[in-house]
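Single-structure report; data block below.
Each chain carries a letter (A, B, C, D, E and F) given by its place in the written order, and its residues are counted from 1.
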Amino acid sequence: MSADFNEMVELFKTELELCQLKPTETMAVLTSGGVLEDYAKAFMEAARMIGANAFQLNLPPANRGISGSFGVTPLTDNRVAVEVLKKADLIIDLVLLLFSKEQLELQNAGKRILLVVEPFDVIKRMFPKPSDKKRVLHAAELMKNAKELRFTNKAGTDVTYKLGQYPFLIEYGFADEPGRWDHLPSGFSAGTPNDGGVEGVVVLDRGDILFPFNRYVQEPVTLTIKDGYVTQIEGGFDAVLMKEYMDSFKDPRAYAISHIGWGLNDRAQWHSLALDSKVFGMDGRSFYGNVLFSLGPNTELGGTNDTQCHLDIPMKNCTLYLDGKLIVQDGEVVIEEMKPE
Amino acid sequence: MSADFNEMVELFKTELELCQLKPTETMAVLTSGGVLEDYAKAFMEAARMIGANAFQLNLPPANRGISGSFGVTPLTDNRVAVEVLKKADLIIDLVLLLFSKEQLELQNAGKRILLVVEPFDVIKRMFPKPSDKKRVLHAAELMKNAKELRFTNKAGTDVTYKLGQYPFLIEYGFADEPGRWDHLPSGFSAGTPNDGGVEGVVVLDRGDILFPFNRYVQEPVTLTIKDGYVTQIEGGFDAVLMKEYMDSFKDPRAYAISHIGWGLNDRAQWHSLALDSKVFGMDGRSFYGNVLFSLGPNTELGGTNDTQCHLDIPMKNCTLYLDGKLIVQDGEVVIEEMKPE
Amino acid sequence: MSADFNEMVELFKTELELCQLKPTETMAVLTSGGVLEDYAKAFMEAARMIGANAFQLNLPPANRGISGSFGVTPLTDNRVAVEVLKKADLIIDLVLLLFSKEQLELQNAGKRILLVVEPFDVIKRMFPKPSDKKRVLHAAELMKNAKELRFTNKAGTDVTYKLGQYPFLIEYGFADEPGRWDHLPSGFSAGTPNDGGVEGVVVLDRGDILFPFNRYVQEPVTLTIKDGYVTQIEGGFDAVLMKEYMDSFKDPRAYAISHIGWGLNDRAQWHSLALDSKVFGMDGRSFYGNVLFSLGPNTELGGTNDTQCHLDIPMKNCTLYLDGKLIVQDGEVVIEEMKPE
Amino acid sequence: MSADFNEMVELFKTELELCQLKPTETMAVLTSGGVLEDYAKAFMEAARMIGANAFQLNLPPANRGISGSFGVTPLTDNRVAVEVLKKADLIIDLVLLLFSKEQLELQNAGKRILLVVEPFDVIKRMFPKPSDKKRVLHAAELMKNAKELRFTNKAGTDVTYKLGQYPFLIEYGFADEPGRWDHLPSGFSAGTPNDGGVEGVVVLDRGDILFPFNRYVQEPVTLTIKDGYVTQIEGGFDAVLMKEYMDSFKDPRAYAISHIGWGLNDRAQWHSLALDSKVFGMDGRSFYGNVLFSLGPNTELGGTNDTQCHLDIPMKNCTLYLDGKLIVQDGEVVIEEMKPE
Amino acid sequence: MSADFNEMVELFKTELELCQLKPTETMAVLTSGGVLEDYAKAFMEAARMIGANAFQLNLPPANRGISGSFGVTPLTDNRVAVEVLKKADLIIDLVLLLFSKEQLELQNAGKRILLVVEPFDVIKRMFPKPSDKKRVLHAAELMKNAKELRFTNKAGTDVTYKLGQYPFLIEYGFADEPGRWDHLPSGFSAGTPNDGGVEGVVVLDRGDILFPFNRYVQEPVTLTIKDGYVTQIEGGFDAVLMKEYMDSFKDPRAYAISHIGWGLNDRAQWHSLALDSKVFGMDGRSFYGNVLFSLGPNTELGGTNDTQCHLDIPMKNCTLYLDGKLIVQDGEVVIEEMKPE
Amino acid sequence: MSADFNEMVELFKTELELCQLKPTETMAVLTSGGVLEDYAKAFMEAARMIGANAFQLNLPPANRGISGSFGVTPLTDNRVAVEVLKKADLIIDLVLLLFSKEQLELQNAGKRILLVVEPFDVIKRMFPKPSDKKRVLHAAELMKNAKELRFTNKAGTDVTYKLGQYPFLIEYGFADEPGRWDHLPSGFSAGTPNDGGVEGVVVLDRGDILFPFNRYVQEPVTLTIKDGYVTQIEGGFDAVLMKEYMDSFKDPRAYAISHIGWGLNDRAQWHSLALDSKVFGMDGRSFYGNVLFSLGPNTELGGTNDTQCHLDIPMKNCTLYLDGKLIVQDGEVVIEEMKPE
């Protein structure tokens, strides 16, 4: 009921406008288990101010079992709920549908979906600008036209991805087109390598970030990669942690290389994780000039690997090429069209 | 989180079973504005225990304007919400859809609807028994076969209703058939007179109840009735209150005679309003042997009077006849089939 | 956490001192179902300030069934809880043990018990003075020495009670002796008539109070009394309400005459019920010069009538005699020793 | 955090604009003891939207003693708090400063003060229109020019007030001029009779309202008035209640006739007290065409009677004259300038 | 009030059944300061479902002074509370009685005590199976029959414990025998070395866990051990942290070697501390195949060292022998009877 | 409302007495946005117990923009609020006015200001003793008389500060003199070097603390310092973190050397950050014998550098000299007058 709530309503109203929510449309807010109730209320009020129809669909919590796995959501095996959401044009997802087949079905039905889970101060700081869209689309365009992506860093990384088999992930922070999913806030594009199409070495350097541990790498970790899979992990404690975690899933596909791309949000901060680690991690995943290296599933981009083990690893100060053309140099984006206004 | 919550879940589970909710079906709970949140949670949990699918649909509050009128609900002008509710088989109504055309539409679509708004101790005390259904249906059957209903009391009431033009209201406390609406808790049947078909005098006696004032009549009030309308109201303060209230709607149809019937719930108590007046009033409307006299709209039973002024007036110790046959004598039901087990 | 809490602690500390709680003793606070949590905390803190040992015993709510009957409490069938309470010297009862056999057992074991359920502003206004004890004991003494109590009022009351068979109720607001029960706040004494020993007529006048309805009588009600039982109730709405309520217990003993006495608390106000009716009613039961007429059980004073129907009816402006000696005249106490300081 | 909060902010923003709050000014909200916290937050937010400076001053609760008397407030004996409030231009009073000398001091210092204590739905329904000001000022003007006010009703009232000694109370619902106090919502004007200048009989009829009992008169009450004082009260229970209450203050000045006037707010409803009695009572005091008869203090309008006993008694269907000129006839205002738009 | 609460009740009911709580018995839940209120309510409800008697004893918070020391509890110096708890058969400890003499007194009086402090998802994941008991008892049996325990790791650990002087700690997650204490969840057995009976070197490796810091060792720490005491601590930051912390107690007995054993709970995860560090740490202490090395007090197992400094240090990948027989090899339990079903 | 609240009130009452709050004075508590509401209430109650006048001033939250910068507070651009606070003698600051010009204005107006933001257990443990004042003043006196401060550590630090240009920071935990600001709890003195007057090398060793990251240095970090500015940062991850953070402000003045001093609070613990990192960090900044090295602004001590980047870095085991005289040796204070009683 504080001024913060009103600030939240105002910002979410702007977001709904970026999402092109019209007075003739319907917005649904999907909630479960009392989580993010304030966000739900603020989105309902923001929709009211726009004059759009709105409803909140509250479902029993998902039974994610002991591991809290991705892909199992309150929509799992809930046909009616999926049909209910299809009544909306824009779906605000406060329950993390990511990696679920129900999300794909909703997107295929033309629904816009916006994931919102970060703390409000992160959303506020990284809030999307209309121009972000153009910059992120440019990145996707570059990747679509490339056959090969290679990146290096001074710690010894040199790895090459074959591209072309799969579509691309485009996150600029608002869901403004039919069937589009996005995450508030974000700001990057990513591609998935062709099956078996990654070779080389990735050396995680001090300061690279390990999600979901929300932890900075303290000592270099060397990953040997063959045929699209990590075959060896060497290093200090961080190497132990990665290995133990990945082994705990008892699934060899946990070692697969997943999507690759670079960050473009200039309001995102590499260092904010050091000030508050209770976040989902969009600062780390989106900061300007990172290379977002990733392990695990690729079903979100059309592949068949649906392992429940997923690590996102934003790396600093890398150099990245597409078909040999320099795109990012030592953590700086060199292409004019992708630089911030 | 108290034991009471578990008691609530258990009772609501029994209610859902009375409503014939099956594991293959879907239950929707309709809420708005944070009201009766504990009921919503208990129904969701009860549905989970039955194994039925369930969702809660939370809508922005209705804009009922300054008068809090019946018939304007969070569903008003909300096509999408109505369609969403049609995904369910059973709808738990915690927002009072009564007298809305959206409720009728949902019933016509075959949905079972259960209204729940009384305090929990009232629900618990008056909780429906399976046998209530048979007794209430018997009352409706008697009315369906009658051409005329007449009732009297010792204060001077003698009034006659023509029946046959309209269908009948049947409330036994659970919604167990497609298209059926009911109210938890209840227990009575009622008919609406033919247009213009009421003549006589009703004298409200001390102790008769005035809803929505949740007040016992203190001194007799004499209502003269012609052609189905009250033409004169005489008496003390209670007469003043009735008249002022009805006049405030500036609608002559507020004076129409509405439904008529008698109460059959032997756990309902005439006197409980004297112990707690913060209720909707199902004790008063349902107590065994009352005559439930009513003024105002008749759209819920197929008529055309949709005035927003509605008074329900349960009367004690009346004598009621159908086509001259004695049904209730001085507040005692005389027909064996309608007596409690 | 407001200043009110500190005021509460201070007042409860004074009360504990009136109850003679010593640093070497133990106080128990009995709670259930989250009711009066602030009182519990304040008593715990007050005991701490006195240096006494203290504990709060929190029990599951009693299952009082549909009628909320007196005598069924969270201690019912809970042997361990009773034993636990016996560890204390003084028991603060926030759950209404009144009329339970467990309360009697605790009193017999020498425990002091203090009932506290009124709103805090009532407690504060009517808070006991040390001198109240002497005045109330004087009233009890007068009754103990009398064979007959008679009272009248201008509305037509003239009724006579035979005394002597049973002990007396003494409430001055603090429990300062082993085995003593009292109610904070209070201020009256009362006796129970000999079995069958009441004859005459009681006419409740306008302004007399009907508990548990927390309602002022609006029109005179005439009660005919024979052999200790009400045999007839005549009057307007209030007569109807009394009769219906008493009949609903389906127990002829509901019509028995119960205790009789007069009020002595000069801070209690007859009119406060008109300003706030959400009270237990110690203002009405205790106001200076009332005659507290009562119907129903007498087990609390050694009798055998344990009907669950209990009405307390404080009457104004009565005249009361003991063995013919004038004690109260037109609502004024005439005995010097019972007048306020 | 609901939509209601935003509606509240919007309405309060309109109110602040009616109060002429400017971006260069400061608004203070005075609170105490956690009461009306949502109103405080909504006013703070509304002031922020206007661009005005704002602060909330939260004080320890007043120690009003056992009687909850008017005139003792959280400002009593709190010099610093009064000085702090003088830093503001407009003071939103959520603690009821009415009848305190600190309120007068703040008014004398040129501060605008707005009292707000009614439930939000009452505020919303009765919300002031700019045109209310003109109509209420017209009423005050008429009284200022009159030497004598007389009113009657069919129950037997015929009483005459001498006017001219004291100023007039003007309440139109917003505080828009330096030193002005008002109450949101309201809508009437009133004058205080000359000392000793009231003679006649007032007969309260069924349906007239007794504040602070928030109760409708059930049977006529006859008040004999001589030299500005009630000398006799006759009638049924209502007469008993009035008399007992007034006597309880042990102050003969409780019987003085206080202000007199008539209601002009056409959105106020006589009958709403029958639907919800938990109100301060501005519906009753302001409804269009009432005569607001009052007993008790007159210090607020410059007199010397500061008795703590105050009854406001809105009467229906009266006829009122100023110097013999008809102003209100049987509860209808007959002067064109005072009729609603 | 969410579905989680019901899941909690169900799981706690199973736990009470594992604890052999009978309908003829009494369960006490010990709470203080509002901590874990939901657990208290769920246990009360679970006991109700079993039909057992139950009470919650809520005490003022312990005054643990500035250091939050073990052993000072809300029972300290509270004779009455201890006596009250003796009324129960099973005590659910939500306040951490561990290392208090009152806990020992209750155990000696035959009370079963169950400590419950972990977050609910940890309890759920690690929830005890009936077969855990047999496996943990087998471990204890092996140690009881051994004179010497030796363990090594690849980082350089080689240390030998003399056994036989003291009894053994047996934690399988439920308290099912008179006088038995257990911790929900757990799963290990441990012995305390004979006085002065530990010699060798322990080298904590990367990934070993330091409780109470809830931190993984980042660089090896070498502990030299003589006559049962650590005499030297060498290494990087972790060595500094251990040494500073242990020195801060100003008690040489902080350096004593405490209990030793190995983990047997196959649902416990070494890595979960990296995902959530706000835990007590039963995952770390119980994971299958760990060696739980410990420093500090041994009074819980009959010794005399009651230093308030206590570190539990679960180590990975160790090899452990009893009288030369291989029990754990490189973190894998080799004895068939202790392997999970 | 728990015993903890009363403990809080007692401790805060002692603090107010240390602050010399007199019954004739006024204390203000400054709050905003609902933060630390319990502290506000406890200070209000503590002032009441002392008999001092008290008020709470609650303001809208500051708009600190995206960076949460120091120096922007709820008082920023709020003239009236500043004037309101000037009505008080002692201001309890619960909103962090540090580095704001409004704080300086209040100090210049002679107001005592006490900042309170640490968790209550930290306040309780580190609570000031009257003797702390003398010891901290002695430290300040030593610095005032010195021209040069030099400190070293075994990791390689050797750095020299020129002193004399600026005043000194004196924090002993209570604000007992007009115009004095202090922080509850604290315990150190610090000086600011002359402009450009720092030369040498600072090597942060393992275990030194990095605020605001609330993190222990894991590997040495070497800072080269020339003309009062850090010119080079070398080391492992901690060096990266510092550099990235400081660069993010895009302000070369972030690299300036700020205040220097040593800790004197013997109840502060270096290791407590390892047990709870959700603190402001007064343990780290004040522990006995630390050297508190700092980077960033110096406006609080009269300088002109108002960069928003501020790092406090308490270092362990340093040796510090003033004009060549040994003051602290390897983390031990050697001057008798500064040792704890």
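We take it that a contact is a pair of C-beta atoms (placed from the backbone, for glycine too) under 8 Å apart; a residue touches a chain by one contact, two chains touch by 3 or more.
Computed from a prediction, not measured in an experiment: that's the story for all the values here.
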Chain whose mean Cα position lies farthest from subunit E
D
Enter the angle, 0 to 180° in steps of 5, of the rotation superposing CA atoms of subunit A on those of subunit E.
120
More than half overlap in residue numbers between the two sides of the subunit E-subunit F interface, or less? Answer same or different.
different
Looking at B-E, C-E or A-E, which one is a repeat of the A-D interface (more than half the contact pairs shared)?
B-E
State the chain with the largest centre-to-centre distance from subunit C, centres being mean CA positions.
A
Approximately how many whole Å separate the CA-defined centres of subunit A and subunit B?
52
Centre-of-Cα separation between subunit C and subunit A, whole angstrom
68
In whole angstrom, what separates the CA-based centres of subunit B and subunit C?
40
For subunit B paired with subunit E, centre-to-centre distance based on mean C-alpha positions, whole Å
60
Two or more other chains in contact with one residue: find those residues in subunit D.
2-3, 44, 48, 60, 218
Inside the complex, what are the residues of subunit F that reach subunit D?
26, 44, 48, 53-60, 78-81, 83-84, 87-88
If you look only at subunit B, which of its residues touch subunit C in the complex?
2-4, 121, 124-125, 206-207, 216-219, 267, 269-271, 274-275
In the complex, the residues of subunit D that touch subunit C are 33-34, 60-61, 66-68, 212-213, 215, 218, 236-237, 240-241, 244-245, 248
Subunit A to subunit D touching residues, read off their complex
1-3, 5-6, 9, 37-38, 41-42, 44-45, 48
